[in-house]
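Shared between the two complexes below is chain A, which pairs with chain B and chain C, respectively.
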Partner chain A sequence: MSAQEPPSPAVEAVLAFADDELVLGWRDSEWTGIAPFLEEDVAFSSIAQGEIGHARALYELAAGVLGGDADALAFDREPGEYRCAPFVELQLVGDWAATIARHWLYETADSVRVAELVDSDWPELAGLAAKMDREEAYHRLHAQMWADRLRESAERDRFDGKVAELWPYALGLLEPGQRERLAELVGREPVDAIERGAHTEGFAELHGEMTMVRRSVAGARW
Partner chain B sequence: MVTTERVWEALGEIADPEIPVISLVDLGVIRDVEVVGRQVRVEFTPTFLGCPAQEVMRDRVAEAVRALGAEPQIDVILDDSWSTDRITAEGRRKLEESGFAPPHLRASAGLMVVQLDAQAFRCPYCGSADTTLENLFGPTPCRSIRYCRSCRQPFEQFKTI
Partner chain C sequence: MIWEVFRQEREGQPFQHGGSLEAPNREFAEAYAVEFYGRRAESVALWIIPRDSILEIEDPYVADVFDRDYRRVDGYSLKVKLKEARERAGTA
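Entry: the complex of A and B
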């Protein structure tokens, strides 16, 4: 814990980041058991575990400033209090092309966000970002491998269509100043972003499912 | 009287919960030990943030310190001070003996699929270099799956991070 209290915009940003990772991890885990083949079943489960691990570390960091603990921040807030981007809330399970399109856009956007946090003047956040970056390298490799594979396949148009559809959502993951960098990296023109703030229709159901154990058994630990 | 040497020795006996052939000291997750009177401060730097064995490791470290008659304070360090380069030579040898290809040293490994796919990882069963990457992801966050084309045995490889 830092002696000097970090400015609240930094804590807000950490919470938004944690919410992104938690909700995306949750969505990724929906592929467990039903991915197109066994290797991807394992891969998406492991990626989900990684994202939720990152969410936990970020919530712990935020809890050090706001009070409470990681579980309280992850599961005790009302749906309206979550700051995740609509991009991560979309339920894409069953649609592999859309899932890979989001995976590739998310990991690329995340690399822009993490690269900036590594230089944060909040030392704990900078250290954590550096650790996350090492782990994310494997997520990025996986996403790129699949994006390349789909682009070289007969499903190319379908994949490109999903990337175009998700592009305004992906931009909403980043601060306005970071968006041009993302556009460069993915080779697209910036458009109006679908911003954080309002939740998608499916979020209430996801929130209900995600917090079910916590709500039904007070003080449950797992 | 508890000494830092005795604490390191005790921590060297704690098996990794998921790969019990190597100890927490071999794994490199113990960054520092400091003894002040009856107080023992241990800096614990976990492997992967998503690793579910983190709490078990931390609790076992605390137990080991208590068993020496001292009071533990475990500081969890969540920065990038752990990397697979912290796994000791002894740890790498034990991994290989039990069927895990040890990680590359970071210094020698650029993280690219081409390189992971290169035949640089030897099969821990038959020693052949004719191995291929099967899946970047494995049963735990720290492992990938490879396949040996020579003895036709899949095996696990500790990820380089």
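Entry: the complex of A and C
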């Protein structure tokens, strides 16, 4: 990291963002092998990997300030130290409508978050955000085409129901000042958000699984 | 619905068949084609065509019914003629 350290809230925000991307990437990857059809299996797995790649880049940025490395930040912290939003922790595998509802809300929220980070006065973060946005454009296209497809289908009510259910969670992804914009983009009224801070019930199990191999040989170089 | 994807590796080169994919409409076909044939910068352009739109002709060979192999260049041995010509010209 450069001589002058960025203020700690910026690092906190980067960590929270990284945790969101890692955990969502993990949850989305649970579809690998069982997506609705083969083409989608490949595409959605690739998106899941894309999120984990973003997490890696963000962790590296944070590690430059906090010390350690991306792997240590991703896998060596206690569950309570993760800052991800409950939104990304929800296990939705098996429910494609809910998965697409989250995917669509997440990518829309991410566009708000990334658009702001592109103007960050932390140059490395601004650069990374611009890079991420290029890949996110594909994620957004994919999310939008699926949202449109489900809305045009007989599953419309089911999909809209899932979006409504997940909406308070999605708001919790963003800073309060960014939520109005998200509400505009998805055409919904702001409601009380389910904030980050507390983890969902399933998170401990997810964390256990996610860190299992790394913990199996502590300190190993892979 | 099956779509055939043709990819151009570099500008100016002919498009070559890359493979096929299943997608319910144009948007999905585009997204999947980009994912499968564009992600690694292996193509500069793609053609995505519904398989139904391709006019396919089986066995397009128009057989020579009569013996007219003089029409074909393989009836001539250029190598032998060249050799003779060179010998005559003294450049062999």
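Of note:
The definition used in the following text is that the second predicted complex is superposed on the first by the 219 of 222 C-alpha atoms of A that agree within 3 Å, B and C clash if a C-alpha of one lies under 4 Å from a C-alpha of the other, contacts with A are read in each partner's own complex, and residues count from 1 in each chain.
Operating definition for what follows: a residue touches a chain if its C-beta (ideal position, glycine included) is under 8 Å from a C-beta of that chain, and two chains touch if they have at least 3 such contacts.
On a predicted model such as this, the values are computed, not experimentally measured, just so you know.
Upon superposition of the two complexes on chain A, a steric clash is found between chain B and chain C.
Applying the stated contact rule after C-alpha superposition, one finds that A:M145 touches each of chain B and chain C.
Look at A:K131: by the touch rule set out above, it reaches chain B but stays clear of chain C. In the superposed model, A:K162 lies in contact with neither chain B nor chain C.
Between chain B and chain C, it is B that contacts the larger number of residues in chain A. In the superposition on chain A, A:H103 makes contact with neither chain B nor chain C.
In the overlay built on the shared chain, the residue A:R56 is in contact with chain B alone; chain C does not reach it.
In the superposition on chain A, A:H199 contacts neither chain B nor chain C.
When both complexes are overlaid on chain A, the residue A:F37 reaches chain C alone and has no touch with chain B. In the superposition on chain A, the residues of chain A contacting both chain B and chain C are 39, 42-43, 46, 138, 141-142, 145.
Residue ranges on chain C touching chain A, taken from their complex, read 21-25, 27-28, 31-32, 34-36, 39. By the touch criterion stated above, chain A contacts chain C in their complex at residues 37-39, 42-43, 46, 138, 141-142, 145, 148-149. In the complex of the two chains, the chain A residues touching chain B come out as 39, 42-43, 45-47, 49-54, 56-57, 60-61, 124, 126-128, 130-135, 137-138, 141-142, 144-145. Across the interface of their complex, chain A is touched by residues 48-52, 77-83, 111-113, 116, 134-141, 145, 159, 161 of chain B.
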